[in-house]
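Some structures are shown below for you to check.
Both complexes below contain chain A, partnered by chain B and then by chain C.
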Partner chain A sequence: MTEIQSPGDTYSVIGKSVKRIDGKAKVTGQAKYTGDLKFPGMLVGKILTSPYAHARIVHIDTSAAEKLPGVKAVITHKDVPSQKYGISPARWDENIFCIDKALFVGDKIAAVAAVDEETVYKALKMIRVEYEVLPAILDPLKAMDEDAPLIQADYPHNINTEIHQNFGDVEKAFAESFYVRTDRFVGQRAYQTPIEPHSAISLWDGDKLTVYSSTQSPHYFQYYIARQFGLPLGNVRVLKTYIGGGFGGKLEPTGLEFAGAALAKITGKPVKMFYDRHEMFAHNRGRHRQYMNLTTGVDKEGKILGVHADFLMDGGAYTSLGVASAYYAGALLTILYDFPNYRFDMYRVYTNLPACGAQRGHGHPQPRFAFESHLDNIAHHLGLDPIDLRLRNARKPGTITPNEFKVGSCALQAAIEKARDISHWDEKRKTLSQGRGIGIGLGAFVSGAGYPIYRTDLPHAAAVIKVNEDGSSATLYTGAVDIGQGSDTILCQMAAEAMGYSFEKMNIISADTEAAPHDFGAYASRQTLMSGAAVKQAGEEVKNQLLELAASSFGVPAAELDAQAEIIYVKEKPERRRTFADVAREFFVKKGPLVGKGSYIPPKLGGKFKGAAVGTSPAYSFAAQVTEVEVDEETGEVNLVEAWDVHDCGQVINPALLHAQVHGAFFMGMGESVWEEVLFDKKGKILNANLADYRIPTALDMPQFHSELVDSYEPNAPWGVKEVGEGATTPTMGSIANAIYHATGVRINSLPMSYEKVWRALKEKRERDSRANV
Partner chain B sequence: MYLPDFDYYAPPDLSEACRLLREFGSRAKILAGGTDLLHKMKHEEFTPEVIISLKNLSALREIRSEPGQDLLIGALATQNEIANSSLLQEKYRSISEAAWNMANNQIRHMGTIGGNIVNAVPSADLPPILIVLGARITLVSTEGERTVPLEEFFLGVHKTVIRDDEILTQVIVPAQTTTGSTYIRFGLRKSGALAIAGVAVAVTMEGEICRSARIVLAAAAPLPLRARQAEQVIVGQRVTPGLLEQAGLAAAQESRPRSSIRGSTEYRRDLIRVLTRRALHKAIQKEHI
Partner chain C sequence: MAEVLTDSGQRKYHLINLNVNGDTRTLAVKANALLVNVLRDQLDLTGTKKGCELGDCGSCTVLIDGKPVNSCLVLAVEAEGHEITTIEGVSHNDKLDGLQESFLENAAVQCGYCTPGMILAGKALLTHNPHPSEKEVREAISGNLCRCTGYVNIVKAILAVAEKTAPEEGEQA
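Our next item is the complex of A and B:
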């Protein structure tokens, strides 16, 4: 029990680096992930996928596979509902299995359930599929060509999403600018690469389906599975055990739930489905490759007057979360810098490649890389220090962006200044030797999306807290999903704080659609703020009930009581006290179960224009990141020496988990900066669907890293919290690009900034310089 | 992904292993560390009917030397055993360093020197340093044994002079008259990345004069490539920075790297230039590290 230091005005649970609630189970190996679970009679299932990027399916013969001993079922599109699904309701464009055409190498054709894994693999090889190979589009820049083959019949010119937004008068701003600059940048296809593969176990009991899934959102899975099989939500239970990372790739149905549910129904047995590493890459839903033209006009002092973002993104064969990705790409460019005129044009095109979706930072990191690089070019042209240029344009608190996002708390200026100071920026900009450089990038992100993915009036988050009958423990029930980021821990901290209880006595049941109340899940950096708001309300309801009951025993009104750290006391006379457990037990005896509940709905946010909802949020986080690099100018090798992140993420619930998030976010951002790219051959087959050639960084590649904070409090959030997990990925690519530029004088305009690209750029610069000297 | 079906043997001794290999010939594959074989079997690049595991042949893990004699490294010595061997660290640090840098810890625990040689892939890290040090290998079959200079062992990718009935049992590193050696590799991250270029050198210096030099390139051709023209640039010469750069240029010119997703021919060739110069500089400055 924590001693009350100064009742009422300090926190006893939040703001402390309590140990992870799941830490012991994970480090001792006791934690069971979906793939570890076993049920009596459980079968193993796998999906057969297309070897062609674009092909008509002429005939599927499953007879040989069905005859293989141990095979219990082989299914194709004929055995499952044919209605289309997707995660974005505006563009439902996927089928459980392909009906007429396969749209990429890896598209789902059929599935097998058998007694063991080996039999499944053998059976997959025995399914004969006759294809008529069609011309494929692998280059997104050619997708809209007149003579391009059509990938999805309902989408002319292969345009999946088209956006044209105009705020203020950009042309006029450019005409009035001192300097107008256009740069073109290209991103890459990156993949989330969670360590735990996707998996799902489906079990039927009569008309009721239970799915154990490695998912970021049991709710969306429940919603789409119920819709696909025509079941009421109450007949579908989705739950997760422990999750080994998601990063956006496990937010939408993976296909394993649908195929598994169908196979389980047919065989009457539980069916475990999973992706191996290669299949994870093929299923994808990772980062879109974006082509980004940016034009910016500034005045003599570097004040930004107007920006035009003209983008195209490679969506792959399906929509996935790509509509939101496309809007996010442009929407969030307005957050960091205050400029009045903004135009955003975007085409998201279909290609015959794996579908892209939401990856940490959603559509924003690549445009942020582009914009931060672009700003450095402008600073260079104007002879300004890149930090001075940023400070001149940095957003202030209590402002509204041209696309009508309301920014409440914002300590961006303080974050930039602190990053500058702790990195010794001023000194290093002047004194670093050739080949060594320091660069800055800024970032920002939503603390939860203002609107759910499909249209519904359900609250965004809900929570129930039940106190044990003798008050010796309490259980938090929440639909929030801990995918490794630590939400189970911080939500228990928040619950204990709100109840006046202690963290050590909290239990949690989360992410189970039957046991816990609804919550949309882990995406858009929403849970600390949104799930936290519901948890806080539930905790306060528990506390208030106890104070009401205790009031009579103290003989004072409840308003004169408070509870903290398991003690209920009279505020004016703290020595008059009873233990939480004592009062809770009395409550149970006299009134029955002690339960508190809460729910959260964000305020109405955003403008009225098309797409106005994407990017709205109750609160925005801000970050400044400085990176120091050392470039081997002969080989192009980029060595990250040191990096500094300063975050404005509101009040912190658990500092250790927060800094871990920032470390991880930087690590992921640096991987996309220098190493990671999904590559394809000329027929659309992935060349590096493994961890040897898809090079996520290793511990050795991580630089010395400093994660720091600035004082910040968000009035729209419980205890003033904001997000950190995605926001800290957004500045990294720009900060590394700018450090490479400072080190070498070469600007790498495409991701990843691989050793060979740096080498080539340096070689070309030397050739230019020697020609100039002749 | 799963392993295709095969019959499995784990013979108790070398003679039984040889007998099995004689019986199954090209239908069999030898399993040592398995870091390459099992991966290729899962991808069906190799589909042997028979696997003969050498796991019981512990005598083949030994690393030993007699005073004044050759150094003997058993074919089953793992990369970590080579990296951590005090004998190698003292006498042939360049070999132990090459083993240390070639892969991550998990791979080094399993991968063997024999596998790294017999597998015969261009990016293999141990053959170049062993070749510049004049290593020979012992091949054993039911017919007896023979010793082959490692330099003459490789014929191309996955192609060597080993017969279907032979097992590589040991690597022999002769006592050195060279004064310095090193292997420098270039991978696309700090650990867990195949070499996209590598250069091993061994030199014999007499004051500032280079009396002899051997340079072997990794990932520069279908097989470990002796850079003879680069050697000729420096042998008999007083070493200067300009001369080392010339040797690097010569090595780059005689290299024949392929383009792949890991690097273009042009890039790899320039890396060979840089690495050759750096490796020569290091081997000349410091003894056998």
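Our next item is the complex of A and C:
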């Protein structure tokens, strides 16, 4: 129990690096992930996928597979509902299994359930599918050509999403600019690569379906499964146990839940479905490859007057979360720098490749890479220090972006200055030797999306807290989803703080659509703020009920009491006190269960134009990242030496977990900067669908890393919190690109900035230089 | 050589004795059964994870005679006669091992999926090299992929254990 020093003005639980609530289970191997669960009579299921990028399905013969001993069911599109689904209601374009056409290598054709894995794999090989191979589109730049084959019948020219937004007068701004510059950048397909493969176990009890799933959002899964099978929400229970990372890739239904539910219904047995590593890559939903033209006009001092972002993204064969990704790509470009005129054009096109979706930083990291690189080019042209240029344009608190996002707290300027100082920027910009360089990139992100993925008036988050009858423990029930980021821990800290209780006595039941109240789940960096707001309200309701009851025993009005660290006391005379447990027990005896509840609905946000909702948020985080690199000019090898992240993420609930988020976010951005790219052969098959060839960084690649904060408090959030987990991925690619440029004088405009690309650019530069010297 | 049993379907099974976490377990396994699957499916030791089944990620790391090995690359029949330690065998009774404590202290755990493998790789290192340099720690876990932590706190957690124990006479700290 913490001693109360000056009641009311200090926090006893939040702001402390308490150890993770799930830590012990995880370090002892006791934590069960979906793939670790077993149920009596459980069958194993797998999905058969298309070997062709684009093919008509002429005939499927499952008879041989069905006869194999041990096989319990083989299903195709004929055995499941044929209505289309998707995660973006604007574009439902997927079927549980392909009906007439397969649209990419990996598209789902049929599924088998059998007694064991060996039998399942044998049976998959015995399904005969006759295909008529069709011409495929693998190059997104050709998708809109007149003679391009049509991938999805309802989408002419293979355009999945088209955006044209115009704010202010960009043309006029360019006409008035001292310098207007256009640069073109290209991103790559990256994959979230959680270390835990996706799995789902489905079981039926009469008309009621339970699905254990490695999901970031039990709610969306519940919603889409219920819709697909025509069940009331209450007949579908979705829950996760532990989940081994998501990063966006486990946000939408994977197909495993639908196929598994159908197989479990037919066989009357629990069915476990899973993807192996190769299938994870094929299912994908990773980062879109974007082609980004940026034009910016500045005045003599480098003040940005207008920006035009003209983008195209490769969506793959389905929509996935891509409508939102497409909007996010341009929407968030306005957050960091204050400029009045902005135009954003985007095409998201279909190709015969795996669908892309939301990966950490959703749609924004590649445009941010482009913009940060582009700004450095402008600084170079104007002879300005890149940091001075950024400070000149940095957003201020209490401002509104041209696309009508309201920014409350914003300590961006302080973050930039601190990053400059702790990295010894000024000195290093001057003194680093050739081949060594330092660069900066800024980043920002939403702390929760202002609107849910499908249209609904449900609150975004809800929570219930139940105090044990003798007050010796309390349980928080929340739909929020801990995918590793630590939400179970920080929400318990928040609950304890709001109740006047202690963290050690908290239990949590989360991410179970039956046991816990609704919450949209882990995406868009929403839980600390949104789930936290619901939890705070629930905790305060518990506290207020206790204060009411205690008031009579103290003989003072409840308003004169407070509770902190398990003590209920008279504010003016803190020595007059009772324990929380004592009052809670009395409450139970006199009034029954002590329960508090809360919910959160964000304020109405955003403008009225098409797509105005995407990018709205109650609060935005800001970050400045500086990276120092060493480039081997002979080989092009890029070595990351040291990196500094300075974050404005509002008030911090758990510093240790917060910095850990920054480490991981930087790490992911760094992988995409130099190494990671999903590659395809000429027939649309992935060339590197494994962890040896899709190279995520190892412990040897990670530089010395410093994560620091600036003081900040967000008025629109519980205890002033903001997000951190995604925002810290957004500046990384730009800061590394700019460091490479500083080290070598070559600008790499495409991701990843591989050794080969750096080497090639250096060679070309040498050739240019030597020609210039003759 | 292990005894071979044949079932009614003419499938052959090897009867093996596996020494896991100090206990000997007698099991009938197919010749091609992978150690990782036998541990998880037959012995319910699901703390050993599977992330790739190709030897690329290290989630399935176990110790065989004290050495870290990807158990997805080892046949169960090959493991007979060796001492196998899984994550479930690292702590004794309810007392966590120092390295497990250190992972908690240093916030080295996020999703936890790589954690069992990381702890075993770290244990193996600290056993033969109680005072490793940071570089040696990074090398020792370079075959264990983690997508959440950037390895920052994992490296810190392993080094913190090394710092807690005094270097032996003559040993380089």
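By our rule, the second predicted complex is superposed on the first by the 774 of 774 C-alpha atoms of A that agree within 3 Å, B and C clash if a C-alpha of one lies under 4 Å from a C-alpha of the other, contacts with A are read in each partner's own complex, and residues count from 1 in each chain.
Assume contacts are C-beta pairs under 8 Å (C-beta built on N, C-alpha and C of every residue); 3 or more make two chains touch, one makes a residue touch a chain.
Note that the structure is predicted; figures quoted are calculated from it, not measured.
S.K.: According to the stated criteria, A:425 is in contact with first (chain B), second (chain C), both, or neither; which is it?
M.R.: neither
S.K.: Comparing chain B against chain C, which has contacts with more of the residues in chain A?
M.R.: C
S.K.: After superposition on the shared chain, which partner residues are touched by A:700: those of chain B (first), chain C (second), both, or neither?
M.R.: Both chain B and chain C are touched by A:700.
S.K.: Contacts for A:19 in the overlay, against chain B (first) and chain C (second): which applies, first, second, both or neither?
M.R.: second
S.K.: Check the residue A:600 against both partner chains and state whether it touches chain B (first), chain C (second), both, or neither.
M.R.: Neither chain B nor chain C is touched by A:600.
S.K.: Look at A:121 in the shared chain and tell me whether it touches chain B only, chain C only, both, or neither; answer first, second, both or neither.
M.R.: In the superposition, A:121 contacts chain B only.
S.K.: Quick check for you: in the superposed arrangement, does A:692 touch first (chain B), second (chain C), both or neither?
M.R.: So A:692 meets both chain B and chain C here.
S.K.: Determine, under the contact definition given at the top, whether A:328 touches first (chain B), second (chain C), both, or neither.
M.R.: A:328 contacts neither chain B nor chain C.
S.K.: Touch test for A:276: chain B only (first), chain C only (second), both, or neither?
M.R.: both
S.K.: Give me the intersection of chain A's contacts with chain B and its contacts with chain C, in residue numbers.
M.R.: The overlap between the chain B and chain C interfaces on chain A comprises residues 276, 691-692, 698, 700.
S.K.: Show which residues of chain C lie in contact with chain A when the two form their complex.
M.R.: Going through chain C, the ones touching chain A are 40, 44-54, 56-57, 59, 86-88, 90-91, 96, 100, 103-107, 109-116, 119, 137-139, 141-155.
S.K.: Name, in rising order, each residue of chain A that touches chain B in their complex.
M.R.: These residues of chain A touch chain B: 117-118, 121, 276, 278, 634-635, 637, 675, 679, 687-688, 691-693, 695, 697-698, 700-701, 754-756, 759-760, 763.
S.K.: Hey, which residues of chain A end up touching chain C in the complex?
M.R.: 17, 19-20, 22-33, 35-36, 38, 192-197, 242-245, 247, 276-277, 483-486, 656-657, 659-660, 663-664, 666-668, 690-692, 696, 698-700, 702, 705
S.K.: Going by the contact rule at the top, pick out the chain B residues touching chain A in the complex.
M.R.: That would be residues 1-2, 104, 186, 188-194, 261-264, 267, 270-271, 274 of chain B.
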